[in-house]
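Alright, structures below, take your time with them.
Below are two complexes that have chain A in common, paired first with chain B and then with chain C.
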Partner chain A sequence: MRVIVIGAGAIGAASALALAEAGAEVVVVDRAGVAGETSSRCEGNILVSDKGPGAEAELAIVANRAWRALAERLDADRGPGQPATEFEAKGGVVVAFPGGEAALGAFAASQRGIGITANEVDASALRALEPHLSPEVVRGIHYPDDAQVQPSLATQAMLARAVRLGATVRVTEATGARVRAGRAIGVETPEGPIEGDAVVNCAGPWAGEVAARFGARLDIRPRRGLILVTVPMPQRVFHKVYDADYVGAVGSADAALQTSTVVESTPAGTVLIGSSRERVGFSESNTLPALAEIAAKAARLFPFLADTMLLRSYHGFRPYAPDHLPAIGADGEVAGLFHAAGHEGAGIGLAPTTGDLVAHAVLGVPAPIDPAPFLPTRAALREEAA
Partner chain B sequence: MKRRVVILGAGPAGLAAAQAALAHGADVVVIDEGERVGGQFWRHHDTLTDRRLQHQWARFERLRGALERATVHASTSVWRVDTEHGVRVHALHGPVDAVDREPLVIDADALVIATGAHDRALPVPGWTLPGVTTAGAAQALAKRDGVALGGRTVVAGAGPFLLPVAASLAQVGGEVVEVVEAAGARAIARGWGRAPWQFAGVAGKAGELGEYALSLARHRTPYRIGQAVTRIHGERAVEGVTIQRVDARWRPIAGTERHVECDAVALGHGFTPRIEAAIQAGCAISPDRFVVVDARQGTSVAGVFAAGEVTGIGGADAALAEGAVAGFAAAGGDPADARMRGPLAARRRMHAFAARLATHDIAPGWTAWLDDETIMCRCESVTVARLTAAAGAAGSSRGIRLATRAGLGACQGRTCGRSVEALLGRPLGLDRRPVLSSVRIGELAACADEAPAASADAG
Partner chain C sequence: MTIRISFDGDEVLGREGQTIAGVLLASGRRSWRTADGEERGVFCGIGVCQDCVVTVNGVGSVRACQRTACDGDAIEREVR
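Moving on, here comes the complex of A and B:
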């Protein structure tokens, strides 16, 4: 079985790896090369803390376990000069300012009901976890299972391993579809056709566009997110710390700018500050309002940040699905075409299990979780893209 | 109401733009990072500077005098230029390390980007040893502070800028062992030896170069052409260099190595235009990474003009002429105005000179003098070997940057960016940045409540 994977981001890399491990011959096609877009423009979240009860939470719980094993395997099996994935099981701390404490408490209680560890911490325990946190914070929940990877390096590591298992990566653009007798068999590229037995669409925010080239419909849209990076400093943030209002922003369908604070340190000594979500197409302009709002909220959460120098900032386009669930599985109309996209800001965290679900859909190997809620055939994804 | 023209940069281009815009009756605001206006060309200190090292000082004094009618923000860093709803410039006044810098938000009817260039040194094995600086840094030390870089300095690279650097070092008491120019005899004859009548029009420039040549002769400093410093030696600091002949593509020629003892090396292989503000403003950039301008020095963005090195490396005289045209046009002036005849003619002459400078453009063969261990990105200590390995694995530009950390350090690729791109043979997009200079999180947060920019014609 020869499988063409479109997209060399985290989802394409995880799918290629799962397919290659299951014995398929894999060709990954990406116009920008490995981790050229969304997966190099995000925070590398592996979160359970932001998931309320539902299908995505189930996926996140399984994927969280999968990451621990995968990161260990990837780090142990590195090529010369290849950096580590920087996987850190650092845990998350979600905090509430006055007025938000009841909502946070109720959310954590609902999570405990589905088996997510969400520990209530009192004021002194909270200070012990995060000594530089604002004294204004009134409630904190500790999620020991939250983790982080360096998303670009983790994506590169997954693909490097897939390549060692026989996969190939072609840096070229899938400009058109190869369809024979109603069945997707490959892609057209400026360098000629690439053919196989199945095609997996892992094109992230461009997945809707790619689906359309095959005559399929998939409503995935870009949602812009900005991240600020400070200069390196001695470590003063020890977990992934975020304001409980993040949960509301993730679940929102609003097109307008929303920001919520997510602060964490990286092994390089920098502090990453997120996050914003706004639906502005693939526009790169008018980023200042989001930058300023993120900065203001971060300085409220960690007052020392106000005097910290910004080193750079960047934005990425998250693949947004209108019902906030990724689309994973066979296309409803075009045989041989599969999709794995629409994870929005959770793609890194959900990648390994998404890859396993792709291998299940394409090759029929056992699924790690019930694939039904994520099937691209669900009604919400087949609307005309707005 | 008067038209407000904001000018970024107070070097020759910016000062000439200010003078011309004032002459046309504009309300002029000049912003510069430096403590004093003058830019790199007229870098000076009120007491330490040796006036003999300055050129066209009388011109500078006239331009500086004209600024009395303008608002000048010195020691001010622009960190954001927005052009979506009219031109708005965000800046911070005060030393970068001060905790209470004053925020400035300036709306303008027109903007002149005259942000100049910084000098570029190509990586060479050993270039991270103490005692190696850019030619521009050596020049700044000599010009501003009257200090020579070392006892015995080798000045190496390409272009006429090496000559004033050597002359300045000699003037402040340093010995220049050799001046090493990579462009070969044939290229120099082709670039400079033909059509000398064009030179008659730039007599000042020819005279200036002649003066430097005399200085070299007076100090018995050899001027080697078609050669390059291909390795710098030393245990803890510079002890010597290997100089080699290079071919027309700057590839070192085996068997021509010579060892020269020295304790300092000044490297200058040309200039990198500072185009980040123009990129952020949305201006079209040419394939060779300069701001694209029309005959009025207008960029692709309405109301935004550019002048000086950001539009092409041409030296101070070209910058002065372009700046005058840009400032006049930004103020609403008609380039056909009689007052523009002089600057337009000077610009024509200086563009002919700038075309000759292309003789010294970096040729791609230089990467052959690198070895695997040569550090390309100094902030993050990224070697040639790491970069080539990361690029080999179907790396994307962002993937390579994140895997190697090249360009992710304190200078954000300002020093290494173009050399890394040359090594990998592909653009990495390091000059696109949402924030142009150092800003604190708190300073950024302070503009969260700010009113949206007014439309350009309301200013």
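Moving on, here comes the complex of A and C:
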């Protein structure tokens, strides 16, 4: 079985790896190269802390376990000169400012009900976990299972392993569909057609556009997220620390700008400060209002940041599904076409299990989790794109 | 004119007008910051990459390649 994967981001790489490990011959096609877009413009989150009970939380729990094994395997199996994935099981600390304690406590209790470890921490325990946190913060929840990878390196590592198993990567654009007798068999590219037996659409925020080229409907839209980067400094932030209002912003369908504070340090010494979500299409302009709001909120959480120099900012387009669930599985109308997209800001974390679900859908290997909630045939994804 | 600065308590001699990075390089040091166990020092040398930052007289994140060394400066290594 020869499978064409469109997209060399984390989801395409994980899908390619799972397919190659299950014995398929895989060709990955991406116009921007490996992790050229969304997967290199994010924070590399592997979170369970932001998921309330439901299908996505179940997926996140399974994927969190899968990442631990995968990162170890990828790091052990590196080729010469290949960097590590920088997998860090740093844990997350979600905090509430006065007034937000009850909502945070209730959310954590609902998560414990589905098996997520969510430990209550009082003010003094919070100081021990994060000594530089604002004294205003009085309550927090510690999620020891939250983790992080360097997303570009992790994506490269998954693809490198897939390539060692026989996969090929083509840096070219899938400009059109190859369909024979109503069945997707490949893509047109400026360098000629690439054909196989099945096509997997892992085009992230462009997945709707790619689906349309095959005559399929998939309502995935871009949602812009901005991140600030400080100069390198001695470590003052030890976990992924975020304000409980992050959960509300993730789950929101609002098109307008929303920001919520997420602060963490990287192994290089920089501190990443997020986050924002706004639906502005693929616009790259007018980023200042979001950046100013993020900076102000972050300085409230960690007062030392007010005197810290910023190195740069960056933004990425998250693939947004109207019902906040990724689309994973066979297309409802076009035979041979499969989708794996719409993970919004959770794609890095959900990648390994998404890859396994793709291998299940395409090759029939056992599924790691019930695939039903994620099927692209659900009504919410088939509306006309607004 | 000779200036004297200290790096993590050790006296280092330099010449007036040199940057901190210049003084440290001239003293034979190739790196003066640690990040994730890796040694860091001058990478770009023109103030862009922020790899060479040090703490100067208690102020953190100072670019050693941009800051002129002054007699009596106390330079400290930053460790992540």
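The definition used in the following text is that the second predicted complex is superposed on the first by the 386 of 386 C-alpha atoms of A that agree within 3 Å, B and C clash if a C-alpha of one lies under 4 Å from a C-alpha of the other, contacts with A are read in each partner's own complex, and residues count from 1 in each chain.
Quick note on the criterion: contacts are C-beta pairs under 8 Å (C-beta built on N, C-alpha and C of every residue); 3 or more make two chains touch, one makes a residue touch a chain.
Everything numeric here is computed off the predicted structure, so don't read it as measured data.
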Chain B versus chain C as contact partner of A:8, first or second or both or neither: first
Which superposed partner A:268 touches (first chain B, second chain C, both, neither): both
Which superposed partner A:309 touches (first chain B, second chain C, both, neither): both
Touched partner set for A:35, first chain B, second chain C, both or neither: first
Chain B versus chain C as contact partner of A:169, first or second or both or neither: first
Touched partner set for A:335, first chain B, second chain C, both or neither: neither
Partner chain(s) touched by A:234 [first = chain B, second = chain C, both, neither]: second
Partner chain(s) touched by A:128 [first = chain B, second = chain C, both, neither]: neither
Partner chain(s) touched by A:160 [first = chain B, second = chain C, both, neither]: first
When both partners are placed on the shared chain, which of chain B and chain C touches more of chain A: B
Chain B/chain C common contact set on chain A: 230-231, 268, 308-309, 311
In the complex, chain B residues that touch chain A: 80, 82, 84, 90, 99, 282, 385-386, 389-390, 393-399, 401-403, 405, 408, 410, 412, 433-435, 438-442, 444-448, 450
Chain A - residues contacting chain C, complex: 230-235, 265, 267-269, 308-309, 311
Touching residues on chain A, where the partner in the complex is chain B: 8, 30, 32-37, 40-41, 80-83, 150, 152-153, 155-156, 159-160, 163, 169-171, 226, 228, 230-231, 268, 273, 285-289, 291-293, 295-296, 298-299, 305-315
Touch list for chain C against partner chain A, complex: 33, 35-36, 40, 50-51, 53, 60-61, 78-80
